[in-house]
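Mind looking over this structure? Questions follow.
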């Protein structure tokens, strides 16, 4: 039947995109003079080869999951929230600030950590609202507004690390003074992974799933994103919904930053956002903005990142190979999608 | 600071602005035809690495530059093809490419990090370089800087003073009308996007074989320049001359950051280095704010003279993009 | 140069826009092309001027068969078209706009072009400053610029598409004078319009199109009624009409004036009662849409008041109007009415406006099934709206309307639909009227206007007629008013 064959064609195109991405990456490896099969093998081993490695993947998964979850909300509203990196950073800054303020107080450590994590969400939300305001009231496209704020966030981080929050002595790129162990999110014994971080990450994606799939807000947001004018004509306050989507995304991004500080680095470092914002954008595009596949692809991308850490050690290759694979995947999926649609049109017309 | 030091500093500004000018003028040409190439940031990084690699292995500066331009043109070709022929979103493709090309650059460039390679030497122009003050400022540079001067003038002249330039304006402004006048919209868009990409690809080697010689991976300091070029394209109102002014302003801010360092001990040097980036992007606020709803309502409340003055000020800042930017065009 | 179109056929999907049209225009004449919206006039002219390729048929210029594949081709053959909205470049200077597309050396040679421009302009009595910006010109001046440009490029056949919409009276006089001059010079002029008086006064011959076919030709002097009959046909099925409601006033317009950059509608005074239907007639772009949008609060009137029920809502936001029971149904179903990518069920759920947090999908599905059955929509709750046919999209939009509704504003409720769907939709609409909803709708279908309206307002170039009693108006009378006859 017509639909059967078109679904097969869909899958065919998508599959060929994956093949092409793998071929491209293989080509790149060959150009670099590296053995492709070895490289892939090391990536796989380096990510799922042991319990320790898998837990490292999960450590990377959490912030990526949170960033992606947030982005799915803004994408639903039709927005390109390039400012996500800055929002993660501000979350980390607020969290660090809160911990610094509370570490000397009499508050029990668990409470301090909880307050600090919430502060992170607030920080990210505020930064996102700024980008939203620039767009709604300043007419600045959210891509450039977001970028500008990303840069400001970077500058802010550097100022704090080398200025008011610098380590005793001389400020250095290694960041602020690490927090005492009591102010760390508790970890699984022997691993770098925190169960609390997992809870936050999974909680984030579940909340977003429920929000987008199950609530009126999510449905209205989808309407705004798909057809701003028609949504407006049907009575939805479109500007308010766009700002709300920024708020939600910023909070989740802020949580990602909070997790980075309380569970991973235990201090503020210059690139605390670690590119999870950019990666989240790629994940979202790859899964065509669907929540459930996003969680899996985020895991896959996190695994690629962690696995690639092996490459400099065993093969003297740079770990950015993961970026090449991730980027080319999205690129070929986009290209194949365009080719498929063109084929469909040619057949019809 | 004495005059000589200032002149040297400002000359440095002219030199560091050159690559930004290449990228910005290239993007201006592309956007004038209606295509946004968001991959500029990554393309500069990739072309810098590639041209350095080629120059080191072939020991030819010329081939290095050619390689860089080819890289830029190829990436732009991908943007053009996926958006003009496959009808995918220009923003999406450009964005993915900006990340992927950067990753490619860091990965493939790993082995050549820290190597020393050929470097473009300065070429003081006879007679002109001996003029007091102006000489050292403008005419004691590498040929690349002279090229940047020529490019600004050339692009400006091309767009505004030639027949094909008029058609370019038309294609970007109103593709349907340009088509009515005999312009092949799709072909012109491909052409200018690829040309723009080649110019962006020229910026990379200008860094790695010139101003910031060598390849240092992620600390090359190139990350972010492409975004600035995109912002400057808007800030410049899609006019190469005005965009170049923005580029010089940006380079000036970078130099000021260095200069003011000792007198601002409270602010870490890294911050001053980063500061010009957000400042340039936020200048966009100035050029778009005149359009906002609340502004016109607030202005309506002002007395006549004040309103006229403010409106004129905002109007002169305001830029509007070529109306056909980012929109597809298909003949029925 | 003589122009001959032979058996031109053009389909847009299932729509047969040009059905075997053959027409001959002699050099030195001004040929009128009459027809209502959708008759196929624009399509035919676009074929002749190279914008569209005909599916079959032949173009013969000066006795020789010509292949016109693009507007540039057409210019080369000497055929040029002046569009209703001139295809020019607003942010550019007149002289640059004049030059774009002209062949020549790499340097445009502005100074000599400027001289030639001024000479040409003087010859026709146009006064346009070449250094001005196109955006600062009036519509009439932009037309003059385009005519000068086409003449400069050496056209022998000039097509004008609805040229007198939005130009002043003195500019029109000048335009007609120019056209006479050009005809005397031996050029062939094709004048496409719906304005009967103008066409009758200007053209030596008239061809009338209706529903894609050439239904008739006439030579001056003309009988207006004959032209109207050819344009609109005579099929009026004035069957049973639903009695007009005599309820409370739903909306009142006092001295209302609305405008946009092209058109200005002034001094509308009107009151509509519950259950009444008001039809807005006139060619597209005559002001009906402006008025309709003002009644919804989508645009702000520049003068006058809009009173809904007992509340003065002048200047208030559209969402306020919605709260008072006003609903606006746009004509472009997928661009403004429905949301592509969302299913029918999702639309119905959105339409409910429930104050809860979580969506009850089960109930939503039931609701969707209910509405689909009620409105005979050929689709399932999980069908995406863009996959529905036009008629079913319209039914869906109807099904999404809130109940009860005080005032329903519709742009072209049955455009592009077959007869059965149209009748069915009006059945549903009239049911609402029985319940007290007042309706204001725009339509280009005279039958629809006469049959379903209680009263009709006719729009012509921003002027509004007095309210007509639909039951006492004939098709001919309505057609004449739409063509501007007798509207002063």
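Which chain is which? They are A, B and C, in the order written, and residues in each are numbered from 1.
Keep this in mind: contacts are C-beta pairs under 8 Å (C-beta built on N, C-alpha and C of every residue); 3 or more make two chains touch, one makes a residue touch a chain.
Being a predicted model, the structure only gives us computed values, none of them experimental.
Ranked by how close its mean Cα position lies to the mean of all protein Cα atoms, the top chain is B.
Each chain's centre was taken as the mean of its CA atoms, and the one lying most distant from subunit C is A.
Here the CA centre of subunit A is 28 Å from the CA centre of subunit B.
Centroids built from CA atoms put subunit C at 44 Å from subunit B. The distance from the centre of subunit A to the centre of subunit C, each centre being the mean of the chain's C-alpha atoms, comes to 48 Å. Residue numbers of subunit A whose C-beta contacts span two or more other chains: none are found. The residues of subunit C lying in touch with subunit B in their complex are 51-52, 70-72, 75, 87-92, 96, 99-102, 104-108. Residues of subunit A touching subunit B in their complex: 28, 31-32, 80, 82, 134, 137-140, 143-145, 147-149, 151-152, 154-155, 158-159, 161-163, 171, 278, 281-282, 285, 316-318, 320-324, 326-328, 330-331, 334-335, 337-339, 341-342. Across the interface of their complex, subunit A is touched by residues 318-319, 322, 328, 330, 335-342, 346, 349-351, 353-354, 356-359, 361, 400 of subunit C. Note for the complex: subunit A touches subunit C at residues 210, 214-220, 222-223, 226-227, 229-235, 237.
Of all residues in subunit B, those touching subunit C in their complex are 161-164, 166-167, 169-170, 173-174, 176-183, 320, 331-332.
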